[in-house]
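Going by the order they are written in, the chains are A, B, C, D and E; count residues from 1 in each one.
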Amino acid sequence: MSMNMNMKFEPKIMAFVCQWCTYTGADLAGTSRMQYSPYVKIIKLPCTGRIDVQFIVKAFEEGADGVIVSGCHPGDCHYTSGNYYARRRFEMFHELMSFVGVDMRRIQFAWVSAAEGRKWAELVNEVSKRVEELGPFNVFHALREQANELNP
Amino acid sequence: MKSYNSSIVTKQGLKQLIENILAHKYRLLAPKKSGEQLSFETILRAEEVVLNQLLRTMTTLSPKEVFFPRTEPVLRYTGQEMHDVEPPTPETVLFGIRPCDARGLELLDKVFTWDYNDKFYLKRREATTIVTFACSDQASVDEHCFCLGVGGDPTASSGSDLLLSTNGDDAFLLEVITEKGERLLNSCKEGVELQASDKRAADQLEAIKDRFVRKQDLTEVRHKMPEYFDSDQLVQETYRCLGCGICAMSCPTCHCFDIVDEPKAGTLGEGARVKNWDACSFALFTKHAGGHNPRELQCQRCRQRYFHKLAYYPQKFSEESLCVGCGRCSRSCPVGLDIYQAVTHVLGKGRA
Amino acid sequence: MARIGVFICWCGENISRTVDVVKVAEAMAGVPGVVTSVEYKYMCSDPGQKIMKESIKNDALDGVVVALCSPLMHEKTFRTAAEEAGLNPFLLEVANIREHCSWVHENKEEATKKAIAITRSTVERVRYNLQLKNITVPITARAMVVGGGIAGIQAALDIANGGHEVVLVERTPSIGGHMAGLSETFPTLDCSQCILTPRMVEVARHPKIKLYSYAEVESVSGFVGNFEVKIRKKARSVDTSSCTGCGICQEKCPQKNIASEFEEGLGKRKAIYVPFPQAVPNKPVIDRKHCLYFTKGKCKICEKVCGPKAIRYEQEDEIVEERIGAIVLATGYETLPATFFPEYGGGRYPDVITGLQFERLASASGPTSGELKRPSDGRRPETVVFLSCAGSRDLAKGISYCSKICCMYVAKHAMLYQHKVHGGKAYVFYMDVRASGKNYDEFVRRAIEQDKAIYVRGRVARVYEKEIEGVKKLVVKGADTLLGEQVEIVADMVVLASAVKPSVGAAALAQKVGTPYDQHHFYSEAHPKLRPVESNTAGIFLAGAAQAPKDIPESVADASAAASKVQILFSRKEMERDPYVSMVNSDRCFGCFSCEAVCPYRAISRKEIKNRSGEVLKVVAEVNAGLCQGCGGCIAICRAKACDLAGYTDQQIFSAIRGFNTTSTYEEEVVKK
Amino acid sequence: MNSIHEVREEARKLLEEKRVGMVIGYGKGKGKKNYPIFITDPQKVEELHFESDCFYNLAVYLRKPEVCSHGKLAIVVKGCDARSVRGLFSENQLKSEEVVMLELKCDAKGIGRDKCTTCRVKNPLTPEEKNPIDGEIAKILAMPMEERFRFFAEEFKRCIRCYACRQICPHCFCKTCIVEKSEPQWISSTPSPLGNWSWNFTRAFHLIGRCVECGECARACPVGIRLDILNRYLAKSVEEKYQFIAGMDEKAAPPLTTYKQNDNQDFIR
Amino acid sequence: MCTNNIYYPYQMKLTEIRDETHDIRTFKLEHVDPKLKESFTFLAGQFGLYSILGEGEATFCIASAPTKQGYIECSFKKVGKVTTALRSLEVGDLVGFRGPYGNAFPIEQMLRKNILFVGGGIGLAPLRSLIDNVLDRRAEFKAVTILYGARSTADIIYREQLAAWEARSDVRFEKTVDQLRPQDEGKWSGHVGLIPHILSKMSVSAENSVAVVCGPPIMIKFTIAELNRLGFNDSSIITTLENRMKCGFGKCGRCNIGGTYVCKDGPVFSASDLKGLPDSDF
């Protein structure tokens, strides 16, 4: 990542959330005027079951330094079981990602219900702080830079 | 071509030559061991060139990548604006390719200059001086090599600018083939002891020929194409092909490519139009957008590759076949397919 | 190139205080394909909407992004407005820059940057929005009610009286359910059969109700408005159309010692029998397990005595098919059998009985004609101990929940006992008395105060038999937790208010229907507060104790509510719903059916792709848009990316991801200004 | 079946009685080389051959249209092939009545890339032991995160997108691969460091709970990418987490298409 | 602007959009560079590569006649990424163009002959260029017959053009649809049936005639067979091949069949050429 050294590092963190629980929970954080870090941006999906791990890979490809994936707590899925399948998928994704050396502190899975505006705000702050401390995802960005170098 | 100008150089002298090449800021590419493989890589220190190794083992991928990279931008864009691209062309010395590879480049030249000149290929060609190693070592030829069967010669100089061959245990014969070769040699020969000689690599040809187990002539298939095209034997020979692209991608003369637009990750509206290696063995290669595929079956795709090498290219471009007999495709094929074996079997059956 | 309009709302100061909306508008104007980008004080106001509507027309927009509050607030408003202006409403997306941005950040520069990113991402997404249309599904206005207890009866009658045909499926030979077996009902003590029987008769003669008794649901396919149901009519061995219900067969049947299910095992029945005199239909059925002809090959007395020749030994199960638009599941409950409680001697001592058995003993139509007698020796019980919470709220028994009805019926039992056995002593062991309901607490008080039931707070540890003066008595050992002492009561009878659980087969039925159930196999409602009688599967409704323990008035209310939901559904010929459904590209699909495995709605079916000569080339997945609820689980599991979700396509998400992370130098300059 | 002789006999019978249209097995080439052969003529069953370097996973041929057009098939299977065939059954790619498995115990010692040294299904029907953490996996796990990342990034960088790993894998049966999908293009088809990373990562992910650890992808890879380590590690994880071994039970649901309510969620906040 | 990069397209401006059917669209394109607009020439039968930056290139023939100068037209069906992106363009947008590539219809060999044009579906596009070219030089040819077929009336392209040809007294014009949809009952004045079948009933003479056939591969195959039956020899049947192409100038190898590169040696072939080619269905 070509970054001016005296510029503050503003991590790019993408959140993939389900529309029934976490999206609404984030709305609640808003209506409750909870203040949190501005680095996390949300993409709304119907359900965590819709979240393809490809989304997360793509987010990193496009320059994200961290990713949050969040949805309804187990048992609360609007579609009854989407988050259960997602949980397994994420567990294996977690395994594979960490095996190939992606620091999993950059990726946070969470259950945030529509009532948990507080939890959402805390989650965002926690992940933002952690990614800020980790710095830009340079090893991954390097792949991108190398790929772009092929297009001189 | 210039008349022969041969000299004998010691191993030490050759090392010095390599050091001089590096010192003169040439980009030096030579076979280098990475993992279990030998591949052409940029050499930064002379000792990275392990002569024994490159004499004995052939690189997995051919040197075509130096001129025709696996991916290469042909234009860039920013929004609606287009920008031309020039291939990076540092003065380059490609060291240690084989005569079959060198010959392959000459065959490729015909494709990339046919009516339309592909500047990306040509500019790289112009900027590169080729130092070839003849297959004169005891172990240079293995059971996959069959250049003799496709009009090649393990000591040939065509396509090379300088030709090296072994001369006893600790010395090499260095032949200047072209002016370009001569220029390189002249600019890098300080401290290199060159002892004029009247020998040629080709003198060793007869001895080397004996090392070949594959000697049958494949070129006749070209004339019998219609006869063999629907040969059951050919289908049988290629039935186990799984449709990967190893053969095409390791081949020194396979040149099929795809053109795609590659958006630059992390930007909106920026990117490049790139030329990527492709292979006729891929199922989607000829598949129409509408779903129709003129080469629906894998054996048809295999046949395309064999025939393109041995029949179509000679028919179109020259009397030479596009296969140079380096044996890379059969060395790397994961299911043991072998163009030489397949074609000789078919020829055998055809005769019978 | 796309023609996208971006409309940014100040929301008074709500957004503009921390987000520089003018800069956002300026930044968006620089995004390729954005032809207009404006901000306005209140976008949702009439003049605000008018700005958007006019721009849609004048700038010939083919995509709109409104950047304002949460889509949950105003997405609908703006989509409707867009539609009024002639744009497909699904070409409009909301960028949430209030709840997710201006309200949660203080630093204006950062908030502005984030608002730009959110809006930019939404612009990138909207490029690939498709013109969608709400899906319309035709509706077969015909309901099926499964279960002929009071809930099922009520639901069937309500729907039928609303003018729609109803198919009522009952597993046993007669409708009526548990209520038909109850003695009197709390808190009014009116006779259960007296209030139920007229309803049963009404079902029998209702022209809109088709009753399948002694039948079970075999399979359900299709989706809301369009179910295809197969019903297994079990072989009755009696031709119900010619049987007159005279009862002579039952009278003459030599097999007479079969425990009657209706009498909870306390009475006997024949091998050909009508479960109880008021049964609907009042036609007998042969119990093939006990019939002499079926077990031994000879007898056939019933056939001989049957006047109208209605006996059919050769009859087989029959599968009938019904087209149904909505299904009400009212499969009711059962209670844990006495044998479930070895610590209380259940199963070992005949005088340890369940509440339902007590109902039969107390019923005027019961095996003792309403006289209270001990099952063991027929003596009048002088002392009876009632144990509430037998199994309920007992994690050791695997049941965490309260069975809800026991407190009330235990009080009723104690009361009935006192009325029937004057001078008898009724002890009630309880944990809490839960009597919330109209006149409920008063009822319990009456049992304690007027009828002198002795309430002991505590659990019973053990019940064992002891012979006292030649009579086998039951010794009940427990603790009185209020007094803090051990108590030991010598009783003649122990009645267990055993826990309520769903009927056997409830889970199997739920699987056939494709609707979820909880760990106890009670059916799951779509929402515990707001959609209590709907299941998560469209067109499947719940009534009565199949969903949770309930008493009669609740079950009836439930049933009427479910019936009302059914009628709302039937009030239209077609049903309209969101177009967010999955779609399969059958070229890419290669039929691994992972999607089928993860689909919670059984919306994936298998389709054969054939060539011209009819050979099957491959089998691929197909989405039934009527069943699909748009969760997108199938898409995430699909490796070939053969399916996609309208409204949330891969292409849209992909573009949104790109849109977030990519800032241009132009934008940076705008922000810095 | 115990010996190649019995297999030949069975193959002959199957072909003669027209119960199968083709037998897929190993034939002997020149020298010591073996390669897949396809027999339709009962007279030719003697060409069937089996010895310790018959390392191909023949199950991959069951999806080739040329092969499928012969109707019912018989296939010589070692442990890994048999697992693949059962995996294909479980994913509806084949019907068990369409394939006859001719099982042979395998004593392959491993050809290149030590593909057979970690094998635990030499006997087609029973896994011998729990999947051990082999040396290669242990080596990776011992690396700090960034080093791991660099290791794999360097491995993937060499990829030339010949797709041999995909073509030789019996479980990569998609007719059009995700990398060939262009709207949107999830994975760049360009052999660049970034596209290569995504491609190899995604392929490994797609094989989770399905890979039978035959190691063919790593053997086929012309540039020597250690795909086997990746897949073996994931197979081990799947076994530990879900007690699932791919291709052992054709009735068992692949682990990502099912769930338990009490699945682990330690990693979820 | 770049001269030596053969991959570098010209910029053309989209000046008109016409929807032929629900999924076939025609673009009219003009060179942005005024000099090029003036000097650009091509021959009937040639093709080009049309591109959008960031999406890629797609190959279609030039559908307008070379005698119409200052612009080119092309027609395309929405089948993939590039064509989908092309469909999203509006008048005034830029399109990349490389070409013209390939050989051309041998119009000089057709002079003073009877000419039979047979077009199927979107295959009328390359034919249209030639037909207009011929009609613009009408006096140099003998009888001109046009047979056009589409799957249904909804799939007919170039309706105005067809009407104009039909109206001419010096052209015999026949049209057919494979199937008549119920709503067309009574409104369709043409034939109903597959092209080869209609052709068999048209009593065309092979004498001093050339047939030019364009359409989907299966239609070409059966039409050639029918023409042979009518007495046309293979060398007097001309058609175009639509193999997949990428580069357009004989490098990328995709369109190679036999010793031929369709993009350079074609796309126009005589039936006798075709029959000598391997991997072709003819």
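Quick notes
One rule holds for everything that comes next: a residue touches a chain if its C-beta (ideal position, glycine included) is under 8 Å from a C-beta of that chain, and two chains touch if they have at least 3 such contacts.
The structure presented is a predicted model; accordingly, all values stated were derived computationally and were not measured.
Chains making contact with chain A as well as with chain D: B, C.
Common neighbours of chain D and chain E, by the contact definition above: B, C.
Least step count on the touch graph, chain B to chain C: 1. Between the interfaces B-E and A-B, more contacting C-beta pairs are found at B-E. Ranked by distance of CA centroids from chain E, the top chain is C. Chain centres here are Cα averages; for chain C and chain E they lie 62 Å apart. Chain C has its Cα centroid 36 Å from the Cα centroid of chain A. Chain centres here are Cα means. That of chain B falls 32 Å from that of chain D.
Computed centre separation for the pair chain C/chain D is 44 angstrom, with centres defined by C-alpha atoms.
Counting partner chains per residue, chain E has residues 80 touching two or more of them. Touching two or more other chains at once are residues 53, 58, 61-63, 81, 85, 89, 144, 147, 150 of chain A. Among all residues of chain C, those that touch two or more other chains are 587, 598, 637, 650, 654, 658, 661-662.
By the contact rule set out at the top, the touching chain pairs are A-B, A-C, A-D, B-C, B-D, B-E, C-D, C-E, D-E. Residues 1-3 of chain C are the ones touching chain E in the complex. Residues 31-32, 124, 587, 658-659, 661-662, 664 of chain C touch chain B in their complex.
Those residues of chain D that touch chain B in the complex are listed here as 29-31, 33, 35-38, 56, 60-61, 64-66, 158, 160-164, 166-168, 176, 180, 188-192, 194, 216, 219-220, 222-224. Those residues of chain A lying in contact with chain C across their complex are 12, 14, 24, 26-27, 29-31, 33-36, 38, 41-47, 49-53, 55, 58-59, 62-64, 78-82, 85-86, 89, 121. Put simply, chain A touches chain B in their complex at residues 61-63, 144, 147-148, 150-152.
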